[in-house]
Amino acid sequence: MLKKIFVLFLLTVTGVALWQSFRHAPFGENRVGDVENPETVSAFYLKHSPETLHTANSVTAIVVNFRGFDTLGEVTVLFLAATGLASILYRRKEDEEEEGGHLPVRVKLKSSTLVRTGAKILFPLILLLGIYVFVHGHLTPGGGFQGGAIIATGFLLMFITYKRFNVNHKIMVWLESLSGLAFVLIGLYGLVAYGSFLQNIPWTGRLNDLISGGLIPLIYIFIGIKVATELTNVLDTLMNTKPRKK
Amino acid sequence: MIFIVFLVIMAVILIAAAVYSVVQKDLLYAVLGTGVVSLVLSVFFYLLQAPDVAITEAAIGIALTTIIFIITIRNTTRDEDKYSEDLINRFKPEEDA
Amino acid sequence: MVISPVHYIVAPLAAAFFIPLLNKLYDDAARVVPGIVLGYLVVVSAVLVPQVLYNGPITEIIAGWRPPFGINLVMTPFSAILALLVSFMAFVIWLYGFRFRRTLKGGVVMYYEILQMMMTAGALGIILTGDLFNMFVFVEIAGITAISLSAFYRDRDGAEAGFKYMLLGSLASVFLLLGILLLYTQTHSLNMAQIAERMPAVAQGVKIIALIFLLVSLGIEAEMFPLNSWAPDAYSQAPSPTSAAFAAVLGVAAVYALARVSYTLFDAQSVSMFLMVMGFLTMFFAETAAIAQTDLKRMLAYSSMGQMGLVMVALGIGNETALFGALFLIINHAVIKALLFMTGSYFIYNNNSKRLVALNGIHKRLPYVSFLFSLGALAIIGFPPFSGFWSKFYILSGAAKRELLPLIIGILAITIVEMTYYLRVIGRIYFGKEETEPASHKPSINALVAMTSLAVIIVVLGLYPGLISGYLHKASMFLLDKQAYIQNVLSVK
Amino acid sequence: MNSFQEVFIRYRELMEIAVYGVAILLIFIGLYAVLTKKHLVKVVIGLSIMDAGVNLLFVGVGYITNHTAPIFSPGYEDAADKMVDPVPQALVLTAIVIGFAVTALALSLVIRLYRHHKTANIEQLNSLRW
């Protein structure tokens, strides 16, 4: 009880401090400033996203180009989480023999025919939607992360509907490695050709064309593939952990 | 007016869902509560003119996070006060066709 | 392609993405490739560090947008020296563990290698980046690898250590995000130089709250009291090369981030007292806890925390002499603690026990390893002929310059505590009741090379501190000079 | 849409509470769960609520009254000075993905802990103590 009071006290202090300090940044106030003569980063991005990069979605422009280095790190975080997860939940041969067989034990209840047929129809549609989202990442809301996550939910649907649905690990490893490498290589191309890592090519097309923004759509497609494979890997590893028998 | 009412209702649902998922003893429902938090949050993001974030939160927060929580509950216990009961015996295993 | 700071990050990343593929084709790829990459990073340091030290800082822009707008990597003399240290230590640790990892079976080797290599990349990213949010991303990279590595062994309590670290690490990342967001709302920038430039205009209250958030979160990473309970568990449960890397790679990066935030973003004077008090408390509690330990690795971990506390004290004192001492101590601590973990793990390996009691008379079985361990122990206490002496000496004289008598007495008292438990271990090794069992695991040749090279560094730096002191002076001067950092970054076109 | 905007101006204070207040409250609730709950899964739930709060705070800070989403779709090509701040949105994208990664890692640790100790009570995990 004393602990709870102490915790509540601590939290209240933190909360009040936060509230007070965010009062200095009133809600809805325009802090971006003049876009034509940018003094803040946001104004600079809003100016150069359509003018220089010809990318309609300026969030995409920031994520992939202006702050692309963050995104490379972020993809790496996801990759490392998948690796860490695999190392934490790695199953040794002995464990598997002890627990009998190595078939994935995912769903104890058999799903109904309706669900299974529905999943079969939905799965390609979800994949298509995911691909659409990351291909149009520079034009409309969405992009590599969103598309990748959508594709992963498609695989999730298959995992929970079909007991024996398994992803092809060989293809996954190839896709995962190659898409990650492609991202790095595109970055290195910028370093070699224009002297700065991840620098975009000068040709950026016309605003709101499907092929515009220079390398941005290409990078976002690779990010999409990478994120989709990593998330599916995470789900696969977690789904295949077998509950302990009594 | 209708929008501000809508927004306030959203805010109330958000907080209620968060409190529910902290207070609820049945962890499965608690996890569904966090799913609701994510769902309302993504509506919030949409209203705050952040469609990119809304889509991300919808795909990752609602679907993937919830499912990995459920997998974990399946591997541990479902009742918050019973730390070592096995949930798995509640389901009878069946063979796949 | 000209060698530039971005290679520090890109080379490990590319390798990490490539290893799973390569491992399918060639079995030992996962063990060999990180060595090549880390060796390459040492080469990169050897090229870049002299440039930085003689020609001044390098600022590399990324994605072609100049500093306040794009992300940039900054190599000041201070960060250059630490980058050299981190990449060199990571390479030595890889060399040390090369044979050791044969004992791991199956696919886990690959996971281990990738995580261990990426920990170095994360640490290098923290050291090099000039952007606050980018620093957060690298803190997360380092954190996730550290969590996974502390939970690596399944027959130990690794998962528990990992979970503790994960809890505190998540708190740290939430606080870091809040601090970054607060600074962003006030300065409309994420670039550290520009934030520092616009800092005077920020309201005092917001500044203090942002400072608290940043210091707490980086303090968790830098093992600051009282949020450091993850450290002994993580150090003791991780595989030995990883424990060495926690001290020599992660610790260095965490302390660097603390120094950068408190010296560049904020005023050194305003955090001086805080850092001194917290550093001293960290030291005090860690070293007294170390006496009570019965487990070798936990003892070393507490000693690590103590050294981190001393670094924080030195950063708090904040004059040039003390900063010189702090930088020297960071280097010493990385080298010596890595040596202690490396040798200590051979004791553990041979005894099949981490307990200190098992060390009795082990010098008959492992004479050379025992010799190296004692050398490291003496060096870390600060006995005169070794390098540890000089760092403590300069920190104390820095404190003397500011006339902080209680602090000096406190540090000396804690040194006596430190001496007690290290000498006790050395006493056990040499004069403990001997056991006749012959050594079952002799150190392999690569481990011997790694350990000996570290020991040579300790002795040489102890006898001739003049070899590096010029550079360290330059680096600590530069850390104090906030305006130079801002100008260097913002003047890049 | 127009009435929406008018309402936004008039009720800015209310909005501030509805966004900043809710975000801070979410962080509060999450932290409370992390610090006081004993079941491991509950602790991780707390973490994810906390993350949600931080994300909402980010997006809320970037919001500007009456401005549109930062997307230059046809018809909005010249509306750069009428758009919300895109930077916090980009940062939140990163933060959400990183948060998911950390949550997944945490849950895998929970599974490992449960297998090892056969309990999910955080207070019974005391094989490592001072």
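Read from first to last, the chains carry the letters A, B, C and D; within each, the first residue is number 1.
Here is the rule we use: contacts are C-beta pairs under 8 Å (C-beta built on N, C-alpha and C of every residue); 3 or more make two chains touch, one makes a residue touch a chain.
All values derive from a computational prediction rather than experimental measurement.
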{"item": "Farthest chain (mean CA position) relative to chain D", "value": "C"}
{"item": "Comparison of C-D and B-D (more C-beta pairs in contact)", "value": "B-D"}
{"item": "Centroid spacing, where centroids are CA-atom means, of chain B and chain D in whole angstrom", "value": "13"}
{"item": "Whole-Å gap separating chain A and chain C, where each centre is the average of the chain's CA atoms", "value": "30"}
{"item": "Gap in Å, rounded to a whole number, between the CA centres of chain D and chain A", "value": "16"}
{"item": "Contacts with two or more other chains, residues of chain A listed in rising order", "value": "18, 22, 25, 31-32, 41-42, 45, 57, 59, 67, 70, 74, 77, 80-81, 84-85, 88, 141, 145, 234, 238, 241, 244"}
{"item": "Interface hub residues of chain D, defined as touching at least two other chains", "value": "8, 15, 19, 21, 25, 27, 31-32, 40, 57, 60-63, 67, 69-71, 87, 89, 93-94, 96-98, 100-102, 104-105, 107, 109-112, 114-115"}
{"item": "Touching two or more other chains - residue numbers and ranges from chain B", "value": "51-52, 56, 60, 64, 68, 71-72, 75"}
{"item": "Chain C-touching residues of chain D, taken from the complex the two chains share", "value": "27, 31, 34, 40, 43, 47, 50-51, 54, 57-58, 61, 87-88, 91, 94-95, 98, 101-102, 105-106, 109-110, 112-113, 116-117, 125, 127-128, 130"}
{"item": "In the complex with chain D, residue positions of chain B that touch it", "value": "1-4, 7-8, 10-11, 14-15, 18-19, 21-22, 27, 30-31, 34, 37-38, 41, 44-45, 48-53, 56-57, 60-61, 64-65, 68-69, 71-73, 75-77, 80, 83-84"}
{"item": "Chain A to chain C touching residues, read off their complex", "value": "17-18, 20-22, 24-25, 31-33, 39-42, 44-45, 65-70, 72-74, 76-77, 79-81, 83-88, 90, 92-93, 170, 173-174, 176-178, 180-181, 184-185, 187-188, 190-192, 194, 196-200"}
{"item": "Chain D-touching residues of chain A, taken from the complex the two chains share", "value": "3-4, 7-8, 11, 14-15, 18-19, 22, 25-32, 34-36, 41-42, 45-47, 49-50, 55-59, 62-63, 67, 70-71, 74, 77-78, 80-81, 84-85, 88-89, 139-141, 145, 207-208, 227, 234, 237-238, 241, 244"}
{"item": "Residues of chain C touching chain D in the complex", "value": "133, 137, 140, 144, 147-148, 151, 154, 157, 159-164, 166-167, 169-171, 173-174, 177-178, 181, 184-185, 190, 229, 232-233, 236-237, 289"}
